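Here is the structure we will look at.
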């Protein structure tokens, strides 16, 4: 059995000088005040082992990482039908997605850009009796932790400042790609983004993607083997904003990042890994977090390629 | 004194075969059900004469033509200061203005595209105690008619279907170019668009632009001579959507159109003219209305060029 | 008869402090070394009078102003048929026209952007036996001066550095909107741009546009009255790059500018005016030249609006 | 040892009905006349086994697949330095890359779009004494076959019709991202695209990418292990035009396609596979070829995810 404890210590040693480099997301007060020196990594293997170092029991805002959970939930319920309303191609766009949306007539390029995730949220609202409670339950199931909650203050603050997302949802509605009330969609969407988790919880909650769609411990089948591969493919090509190419090039793992400074990634058949460091690079990904993952694959030789 | 009666009869004779050609605006029910055979023209001279033919006493939705009134009102109150929040260049864009807005960071290209008119509405809300009543009063003053009103049903219907405009206002807000509440801005904006007028009223209400900013009959100075020229310049370069070049080329008058099928235009020092025919060409301008104006300048030899 | 001598002196007095402000076009050495302090204005009336001040007998590179001559020549020979290959709408694009060309499938928006002028050049090559000689002859006719020539050094330098235009012509060819050899088209195009004229010559050469298509002195009919109006309309909406709206707003005359620092403009039925000052503003128009024209229309009250 | 013969037969059975569906590339005569019913697949394992079925000894134009060879050659010589002139992100653009190039100031998004491959060609011209001969030698080394040649007729035909690529190279030159003469760059580029190979040769020539940069048979180290992974990452995110997301989703292998109807792909540590069927889908990838690869990964359960 691999012992990753020593490796994690090495990584932290090398990463230390750049922890705090970059810029904490400042568009809402609740995120802006996070300490940029926070840093934690957790590795969970499909065999049930956990290795962690740093601030691994501290909750942080998962933000866009929640898009993996909402996509998984919608995909498990509707299957390939979801692709009639959202694409599967990288956005490749340094510009905000409004431009691309307009060219492509209201079909977002993929479920991991905001517009695409908003469409997925709309799908969930149509499918679920209580989209607030059921998503929490779903993440509790994935992570094996009951302590998964929304941060009402963050959700509220996002709504009060979320004019770009309000523009997106209205634009999607004008193209008939939103079926529910725009205010309702925004509220559910901002709640999903506000979920807080620790790296320990986040790492565990991604294990089903390393394990062909099945939660290793509880043996719950979340997705089919084929569906799990497909979510991994989407994470690789679209999971880290306009830096997906670089992430594949430098890290070589399917992963998803959020502006809260978290990144979760997986190696099929092996493990999942979650890292958190709030200061972001220019593309909006955790600067030290991305470097830590690059060191991990370089040092272990692990890579999907 | 010119007698335009015979000319108007000639024009109607030539226009008849194409009245009804094109497509009535169908995005809200209240507009979609208008009879496409309606056609009226009114000429008002600065000397006080009126010549008209057809359905010239029937109210129609002025829609974007109201943007000339809101711009005039804002310009008369704030002067050149308004140009810090909206540009003066043609949009030259077959695509919806969201793309352009995004490239240009929330400064709409001109006050006659929707985004620009929404910013002007926001300015008026900040300036006026009662933006609903004061704009009506202003148009009553310009037209010399007390019978100018909002069509509440149209305003309501626009709001219920106006997701593109809701996207625009939210996007502008995200770029800090909207100061008031987005719902308030949309409501005032849709009310302005819903104003109904006859070609007789509309023609009279544009006379100040033929007469150096002064209403010929009442001698009210609405704008300075220089300001009136500038509004005319803006109408010429930006007044007829992505067809402004063609309109200048074929018609040669400063003018403003609306999706209700109206067009109002002027010849400096001479006259104003309003035409109404609900069926639109592909660029969104009244098909027969534009042809009627082209015939008018061809037959009279009038043109600003 | 108006005496513009005093007016020109006033304008020069007011303009002096900003002569040299801005930036001389630096993309080819031959243009970059021009003295930014040069300044000249010439007014030519349709009655045959000339008023001028400053460096009005010095040759400068007319550059894009030649597009008015090539368009006039092609339009006089082919008439409305030219509009099947080039549009009549403002480009409204701060970005280089390659983007717009791509969206609009190889039909340039208007004949005054580079792509459009290149298509007009291609049309002339197909129509004329000797496009080099015949254009010179044409401008000699318009200006009444035999001393109109190409600057072979400028043409050569443009060709050696003209990779953007080479990209444009190849792109147009890929869309089948260039009929002749791309190298030939570029060579003729760069020669046209390299023509040198004085403000005296340039002013005279625009008089046919103030006079319904007819050269006042020689009575040559270059264009029909309707065609002359149409060229004026195009100059107003498209003649000054992405500053056409501002030019109409501030100056209020149809005009055409070039990166050599020249601007030529007209008042219908009255006069033409040419100004030259090499330093350009951010939009590529002569900074002091544009201000001089603004002062001219402000002081005389002349305007087409 | 896996025996893929039976599997290949199954795949051919299932694929048969769609062989010929789609459209053979028609932009040059030499490609347009290819029989759309051609179909071949070859699998090469790193252990030295070969399995093949169909037209596997027939030469076809590899076109864009040659971009993997030119990138590998440049990368092996210059290392990470090449990324100063070309990016590593998916283009995500249904539009031709001129638009994107313009926004991103002459730095192509990745080395697999035409603009990026042209920059790589320019790099090779600067590095190599004889870029024509040395690339052939390189592919002969990779494939273990001496019989690798340019198709002079195809290269010539591409040049005569290649106005879009001529536009690209001129545009890149205008942004100073081409160091050599544009005609030279185009000639070398079109020669590279014209290389003809069989699926047997192509499959063998990709084995170094399955084997950490080392040719299994000859033990030549072409790239380091890390470099090989990185080329694979680039193929996955950018290798199949604007269908890279779908290719990752449906096939799950790093691969590169060409408009000649070929696709080459790999499974790390296992094998490479080359397929050829000339009729293309709407995104420009071999329709039946892509389906064959999807069947291959579905049936074997192989995938990098």
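Note that the chains take the letters A, B, C and D in the order they are written out, and that residue 1 is the start of every chain.
The definition used in the following text is that a residue touches a chain if its C-beta (ideal position, glycine included) is under 8 Å from a C-beta of that chain, and two chains touch if they have at least 3 such contacts.
Note that the structure is predicted; figures quoted are calculated from it, not measured.
**Q** Looking at B-C, A-D or C-D, which one is a repeat of the A-B interface (more than half the contact pairs shared)?
**A** Comparing residue numbers across B-C, A-D or C-D, the repeat of A-B turns out to be C-D.
**Q** Which integer distance in Å separates the CA centroid of chain C from that of chain D?
**A** Centres of chain C and chain D (C-alpha means) sit 48 Å apart.
**Q** Can you check how far apart chain B and chain D are, centre to centre, with Cα atoms defining each centre and the answer in Å?
**A** 55
**Q** Between chain A and chain D, tell me the centre distance in angstrom, where each centre is the average of that chain's C-alpha atoms.
**A** Going by mean C-alpha positions, chain A sits 32 Å from chain D.
**Q** Identify all positions of chain B at which a residue touches two or more other chains, and write them in rising order.
**A** Residues 95, 103 of chain B each touch two or more of the other chains.
**Q** Pick one for the touching-chains graph, please: line, ring, star, complete, other.
**A** ring
**Q** Under the stated contact criterion, what part of chain D meets chain C in this complex?
**A** Within the complex, chain D contacts chain C at residues 95-96, 98-99, 102-103, 163-164, 166-168, 170-171, 173-174, 182.
**Q** Could you please specify the touching residues of chain A with respect to chain D in the complex?
**A** 87-95, 100, 103-104, 109-110, 225-226, 228-230, 232-234, 236-238, 242-246, 248-249, 252, 254, 268, 298, 301, 303-305
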